């Protein structure tokens, strides 16, 4: 059966509606969302209302967590002072806008969703803040999937959709310790695993302004990356009408994220 | 020039053992640095004498370079020096009595010094740390999955990682292997083979069991400091 | 025998660069002076003059900056090759009749500087023809950034947004920006050329508080969103505590130590 995975909606209602419409047209009713329903974008309540209304299974993203628990992201997750100050501004605005019901909903979201050997998370199984980029050290990437006890790991957070297959792996080691005078050698064969990044619906960063999501066929294991055109002008106008910084509209309409991505993308905050 | 490092951990207030190790190091050739990778304190005994000595080394002994370990983290948390955290891990695993014993084992005078200690050192291409950069209580042993070991090396971006928390002595070298990675995105597909780099994880032991690392030859020597009448025994050379 | 050359042209045509290259080739002593087309409200130096003269002085330390000379003394520099740079934001209709406006004329007269040569970009073939854009009704915005220090990554983002049109149609942007490590970087961008020029000055301040040297930013274009330019810059500049955080590790470089995040 096919199911759709969406992520990083970022309070961009026009993009969310366009993607949901695209999924509906393909006759897919099973949708999983990897979090970051809000943050930067102008329609946080509208987006959360819609997700609740459609009863979409969701994990919590870093923005969803921060809105509930107060600004929790450490400074190190922002690449610059400018990005941090803009992030704080967006945070404050979103926290003021969100209704209590929607805050409670975001607070109730789990950090991961498991379906047999498939795990859905926002960032990585380690943290909602960790970026799993497509060029991350392959062994470290495989370690994340193994740690999760999964065959396939769905994640978001980077806003760049990709499918990464990790296979034919092995590691040879030589061990010396106090009880063996001759070094002991062994080879470990590694399992085959897959990481799927669902990209971003509301804040794309893959070189185009289109919203992205993925469709997974759990019988064949095939994953398709989908791009959806939406009315970006509508969202940009809503940003300006809401009194959010105009630069957010400019960045969105040029296919840049509202704030730049962390330079050290593999950085995990040890809070 | 021969350059060798001595690596010590888990003394838990045992000044006598520290003195035995210092005595051994005086006899050993070429030891230029002494790293103490945390757990200088523990709940079993009063630790003040050892802490005094580490902060005020004798002129004729190797000057210790210390980082904090799991036990220091618990003490600093309980004393309110780690934000809102308390010694929850210790309380959960060993109970309230042990938390009290730890508080009693260290004079508050030492808190300033303990809280000034670093999380780890990077020397040459070596990371020296109590557990790992993933967690101060990361229990890395020779049995740990090599995937996890590679992850810990990658996080610190080093070729050798010296770790102490497991208290075990081992030298595990990654000697070969690889992993195929195929990435598909909106621009197309790409293939890449990640090779295993020649890297090592070294468990340095704890207490009287310590390690000497020969920087030039990349050899590890596992040693145990023993009482006055005996000569130090070599575990592996 | 000294010579006085007046070099004029529209913003971004390459006057300063040409003067710099000519000075570097010239064996003898050189002087530099920058004139504006309009009175400057009593300000001694506009940010643009500060940027240009500081940059030139850094590249050619023996260059004599004549802008602070008392009026009468300039004419006494008899052995100098003096370059007078004149930026003309309103290009004359006819290039043959490049006129010098009465204000500039009166400045030259009061300084007793009668140019021996007048070279104009776009007219004189010995000057490179870098820029054929004719700017009309250019808005200009400038900011003195003395003692301001940028968060480096924020500066990258701001500059990227600025030259890509996030704050209006920018045709020209030029700045001297202080970084926490003591470097000052010359930023130079014009719409007709590919990419920005980033040149670190040779003179570096110690990473010890706020540098005293000149720093500023000049932007020319149309429909400039000056309020948002200013407010974004405010978000990019380091306060004292953060500046100290950047500079402290540079001052006491010790063996690399890891800190838990």
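For clarity, chains are labelled A, B and C in written order, and residue numbers in each chain start from 1.
The working rule: a residue touches a chain if its C-beta (ideal position, glycine included) is under 8 Å from a C-beta of that chain, and two chains touch if they have at least 3 such contacts.
For clarity, every value in this text was computed on a predicted model and none was experimentally measured.
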item	value
Between the pairs A-C and A-B, the one where more C-beta pairs touch	A-B
Greatest separation from subunit C - chain, by CA centre	B
Rounded Å distance between subunit B and subunit C, as computed from the means of their C-alpha atoms	54
Cα-centroid distance, subunit A relative to subunit C, in whole angstrom	44
Distance from the mean Cα position of subunit B to that of subunit A, given in whole angstrom	35
Contacts with two or more other chains, residues of subunit A listed in rising order	270
Touching two or more other chains - residues of subunit B	133
Contacts with two or more other chains, residues of subunit C listed in rising order	260
Complex contact set, residues of subunit A against subunit C	74, 76, 79-83, 85-86, 245-247, 250-251, 254, 260, 263, 267, 269-271
For the subunit A and subunit B complex, residues of the former touching the latter	134-135, 137-143, 146-147, 160-178, 181, 185, 187-188, 190, 206-208, 212, 223, 225, 227, 266, 268, 270
Complex contact set, residues of subunit B against subunit A	133-135, 142, 145-148, 150-151, 154-155, 168-187, 192, 194, 196, 203, 209, 220, 222, 235-236
Residues of subunit C that touch subunit A when the two form their complex	151, 153-154, 156-158, 161, 164-166, 225, 228, 232, 235-236, 238, 242, 260-261
